[in-house]
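Next, two complexes with subunit A in common: one pairs it with subunit B, the other with subunit C.
Let's look at the complex of A and B:
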């Protein structure tokens, strides 16, 4: 397996030259996020991830999790690596200082997650799910629940889960059947079965805190009757320590295509004691607090796997000698098609990093900026970019992982190369936390109704106007003008076509999300090209500018295949009747 | 007992070094910079001595431009108590570095000065030895094991013939070799705490030292790329070919 080296040069480029991370330190509460701290965080997180967590990626895949009589054992080394990681304070990076966190911006947590996911996507899920549980408790939990659970979850001493899915309730949570009965003593009895529960059971920590969606007996049908409960694996005693075992047990774990190091559990709640979070029947709204962050996190998993596959492919292509290339080069990196694949991998991966970090910065602004209207505008951007960060980056993860195997040829198909694992790991990112179809429907549905895609198109057009006099950027500015016009036109078509027939956006949403994402990447590649132009005496910036050109000429034009497909609507998709298939 | 640990800002060991087009040196603009790895080992050893109750205070020192403070912050995040920054944009060669450290010895009166055995940028491996001479202290270079027993340090050194154990009276200069220890991972809360630890700044003039360069760098260039070899049919031809090249 290729060794993982954190792409710190590119990460710092995005943080400094693309999103201007230093502005975050001006926000109230983020005064500590000065450039030296940003650098220190990236440097030290890179060390611990490269040396202790990334080396477990391949062994974790081979060994997988083991289930025995309700107990799950993670692959060798995971427990020790998790303990080192959490004891070193990394799980609390962006959590509230009131509960033992460091209160740093989410943007920095994003940079660390970028590395953690690339280093070991399966491992990243354990702290990742805990983040979601923390966020939901922080936003919606009572003071008592916060005092009982948040500190241990922040420090990573305990981990958290999200228990949503049931066999009949996957993408459609209105079908949730798990029951909650009020005991009239401040507790509820939870009864039901949850599936696909990441980190539902494992051997890292003393307690696991499940956040569970369930229904009260008198609850309205559908999503308006779902409540959220905290169900600890061990009841917490008055001193805050794990006490009696709560009857929530792991019935089995799944055998999966990839992310073998992550335990995916069937959880059986056998009249387990739970505590209501917030108000009854508002669980779905609370769930989205976890879910939105989880979606951004999954986008980083897509970015991570793409980064790792790109590193592995470039390293191999620089060493493998096979047939002298047309330019006389001996290694396969000189063959035009290998180069095409590598440039595609590099351009897509780096584009996803720019969008992810920029979205993270807007998330921080949406939380911390003193001006409410600025917060609102930033939050709109996060809302718009969440499906794009999730779906496009995970599509990129799959495309890049697949190219990665191809660059290695037959060797890539052999397990020992480590490259095939990335394909198997990457696929789930397109599926969980809302499939990429759900993301696309969110974009053309709710987000389009809020006018968010349209607003950002205008913003991109305005930004472009500012560059129009710059001849050196003409290579990307002109194609982006045409691309934005076409995206605008396609968006208008889709808005009108949705009124005619709701199947139109539903049948073209995925293509529209891809088109929107490509143009968004173009928007950021202009920024990258502008920053790189000034520093053309250095290989990194030369490579950056060359990649911006490649993106413009070889990736952005994909939209010209997508626009007519979108504008062909749903008719040819839905004409065939069920029996004809 | 105080321990003074010298650390140097260098291009990170993972970075592929690029020579500047005009041959004036190595490109470092925007390149990842880190603490010299041997210095990191020296810091770790000093911290372990403190944690074992053998020392009361660990002071990190660096000589270099303003940005070198990043490396001091790393040392502070690892656990050093405070730091000294001798700020200069001059090219500092080993003898100058040793003179500066000697001036700081007079101020701080440490019992041990620890350094990495060499810095991975210029690979000089001279500062520790020169400092010992200037301070008239014993030296124990290339340490792979260190025990402090009262006023004596027992040091196992990595020498060409294997390992050698010597006892040096303190105060002494000790330089760290690769196998002395494995530096710890820095904890995130300690990165934050390091921001609040004090760094004293001095100029060369404050210390009465001039940056006299005894070695002048004329030009920096990348090693020549290796030429393709030739095949010879017989041993005689080989001998002739070697003689032609003055190799035999």
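Let's look at the complex of A and C:
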């Protein structure tokens, strides 16, 4: 198992040269986010993650979570690492200072999550889900609920969950059956079974706060009848401490392909006491407050696993000797196809980092900028990029993890190499928090109706025009002009085809999201190449420029295999009758 | 875990309508391969595989092989299933009647392997490796070695292995260090350690026959100094029975990502007694006799896992309800993106079956046809198709297994669904018996120097010309004309670029193999569409035609994303210096 080293050079490059993170310190409330603080946060987080959390990645996979009579024990070391992580203030980095957080930008939390996910994707889920619960309570909870729960969740003293899925209600939450009965004393009795609940039970903390989707007796059918409730594992007494046990119990945990260090629980709500968040029947909207952040986090899990696989593969390829390469090199890094795989891994991973950090910056602007129209524009960008950050980065996670095993060859298939774990861990990232199909349908559906993809295409075209006279950037600018034209044409086709038959976008959404993501990566690779050209003084920038060239020649052209598939529409997809399959 | 049902309808379609299997009965020695026998073989093999071997797939994965003090115990039921399988004559189906085989065509053995691999890929390795050992002994062993070993291997009473890999010698066999010392009594002492030895030790049979690559003291360096030896686990006494234990011991078994039912052994040869096969220093050539058949078999493993994942996903999608689809369908098979995934799985799987069976038929012709020039032409086709059968079908195995998990969503990530096992099993198929990179280098290297890809492109173009007036086939003929033109152009580019810089083909070989494979699939889909058009009398043929359309619109266009990547050559791949990564 390769050791994880935080890619601080690349992280700082993206923060400084790509997204200009220093601009965040100009936003009200983010004055503390000075360059020194940013560097300090990255340095300190890197230490705890490299030294304490990343080393538990392999052992966590091997040992897994244990279930015994309603109790779940995480793998050895997880509890202590979690306590160190939360007590050091990392869980509250971007949370409100009113509730014990540090009030720093989400962009910094994103940089920390990049490292945390790469260090230990299974571990990252415990604070990750808590994050979503915080956000939902912060946005929609009453003052009393906030006062009761937010500080404990912010500081990580307690953790949170999202209880959405039921056996019959996966992607289709309209089927949620968990019931909530108003006790007319400010509380509700919650009854039902939730599955696939990440962190539903574990041994890290004194209390676990479940955010639960359930249905009131008189609720309308479908998603318009879903309400959200807070259901604590232990009732909170008047001093704010855990008291009586609430009847919400873990019935079992799942045996999974990977992320064995994360407990995936069946949770049984046996007339447990809950508290309504916000208004009845508006739970789905509140859920999206958690869900949108969770989707960005899952994108970071994809980035994280890609980063770790890339590091492991490069390290191995620099050491392993196997036949002399054409260029005379003795290690396999000199073999052209190994190099192709490594460059693919590097280009995709670094591209995902640029998109993720840039989206995070727009998130901060959407929350903190004084000008409402600037906030709106930034929020539009976050809305557009959420499905892309989630789906494409997790597809990249799978592709890069798979290449990592191939670079190692037979050794990569053996568990002790550590590489095969990344394939096993990565697959779920494409599925949970909205499958990548759901992300793609969001992009070609709601987001396209809001004109968001179209608007950003125009922005990318305008950006490109500014570089049209730049000979040094010609290697990427010209291919990107062709790529943007094709994306524009494909988008127009899709818009028209959607009116003819809604099955057209539905059957081509996944390819369209991939195409859109590739061109978006190209947009950021221009920025990276521009920055690297200005500073070709060391190997890092030379490597960045070489990677931009590789992306342009070797990855961007994938769109030419996608566009005709998209523009073939849904007909040949849907022709076959069910019985013909 | 979905039950496996042998896809007999599709198998018989490929045997009869695509490759015209009845022609084989006209070859000398294959007179028995009448239509009745072919159908009977498929029917009977389907029974034993469906009923006895396939049900051990999941339990074999869970239980794995156990190692204890040099002994390996396969998962429960494997030994009994193996004995039933071999005693029923399946291991010797295509082996010489002189040594207890049934003398039927390899094409029939391929159809059986298709089912065996789908039923239980881990199990299939035990007879699979034995096959290769048989072939090497048959082609290159002395009469005495053949008399001693071949009948026992043919009947499956004993099993065989291929002992090639050492820790420092993976893809690069020039590094083999295992030593052989001539005892001047017809025997050699073999000393060294081999790793990743499939079936190196297990509890099925009374003897295991290792075919071992080793180096004589005076051997030339590199691959020209490798010899091949037979090393039995137990010495064979004068009655042909196992006698004294030979000091070749299993030192440990590997803990792997998948194929847990197959033992992957570290084998320690501690001055074990061996027998030279053929001439000294010609071991590499003999190895390829085993290896080429093993590569075709691994391709069938890819096909097998794809078939099983496809069956499981279709079954699930027909039952699972989740939101009403646009077309009003209540099960998820009606959701366009689910249908897209299922059709992709179906099209790729059926395409691999057509290519595999057709290659098998050419193998039989190359062995049995009375006319030498016909044998030579058929052998050329097998040479061309071996890397394609191996690499593309195993890439398909991984892609289809991955889609299978996505169709099931979160349920697919849970072990009890059985789907995630297919991802774990499939990955090794891309690696062993020559990584898919090695296959691709073989295609753009040796096979292109022999002009084989170019010749088959001309053949495909000629075949297409015969259909140019056929309106009903226009939907695939026209796209295939464009595809073949592009493949031709890309091939010409590659040939010229190879002369400029040998790194050009090396850096683009994998994409070229994929492109070549897709067009080859198109060639066979034309045949399938033609046959289906002639017989549109039931759902099977309607589905076949729909799948041909889907392939044409949705899979073939992938080549437009590959051609520009290939023709970008090696420059951007190799520019970066090692330290920039």
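Methods note: the second predicted complex is superposed on the first by the 581 of 581 C-alpha atoms of A that agree within 3 Å, B and C clash if a C-alpha of one lies under 4 Å from a C-alpha of the other, contacts with A are read in each partner's own complex, and residues count from 1 in each chain.
Note that in this section a contact is a pair of C-beta atoms (placed from the backbone, for glycine too) under 8 Å apart; a residue touches a chain by one contact, two chains touch by 3 or more.
Because the structure is predicted, anything quoted here is derived from the model rather than measured.
Set against each other, subunit B and subunit C differ in how many residues of subunit A they touch, and the higher count belongs to C. By the touch criterion stated above, A:539 is placed in contact with subunit B and with subunit C alike. Of the two partner chains, subunit C is the only one that A:334 touches; subunit B does not reach it.
Contact with neither subunit B nor subunit C is seen for A:245 once the two complexes are overlaid on the shared chain.
Of the two partner chains, neither subunit B nor subunit C is touched by A:446. When the two complexes are overlaid on their common chain A, residue A:458 makes contact with neither subunit B nor subunit C. When the two complexes are overlaid on their common chain A, residue A:66 makes contact with neither subunit B nor subunit C. Once the two complexes are laid over each other on the shared chain, residue contacts for A:224 go to neither subunit B nor subunit C. In the superposition on chain A, the residues of subunit A contacted by subunit B and by subunit C overlap at 539-540.
Partner subunit B is touched in their complex by these residues of subunit A: 5, 8-9, 12-13, 32, 34, 36-37, 39-41, 43-45, 47-48, 51-52, 84, 87-90, 92-93, 102, 535, 537-541.
Those residues of subunit B that touch subunit A in the complex are listed here as 14, 18, 20-21, 27, 29-32, 34, 69-70, 73-74, 77, 185-192, 194-195.
Within the complex, the subunit C residues that touch subunit A are 165, 168, 170-172, 174-175, 196, 254-258, 314, 318, 321-323, 326-327, 329, 331, 333-340, 342-343, 346, 398, 402, 405-406, 409-416, 420, 423-424, 427-428, 430-432, 435-437, 440-441, 502-503, 506-507, 509-510, 539-540, 542-543, 546-547, 549-550, 552-554, 557-565, 568, 570-581.
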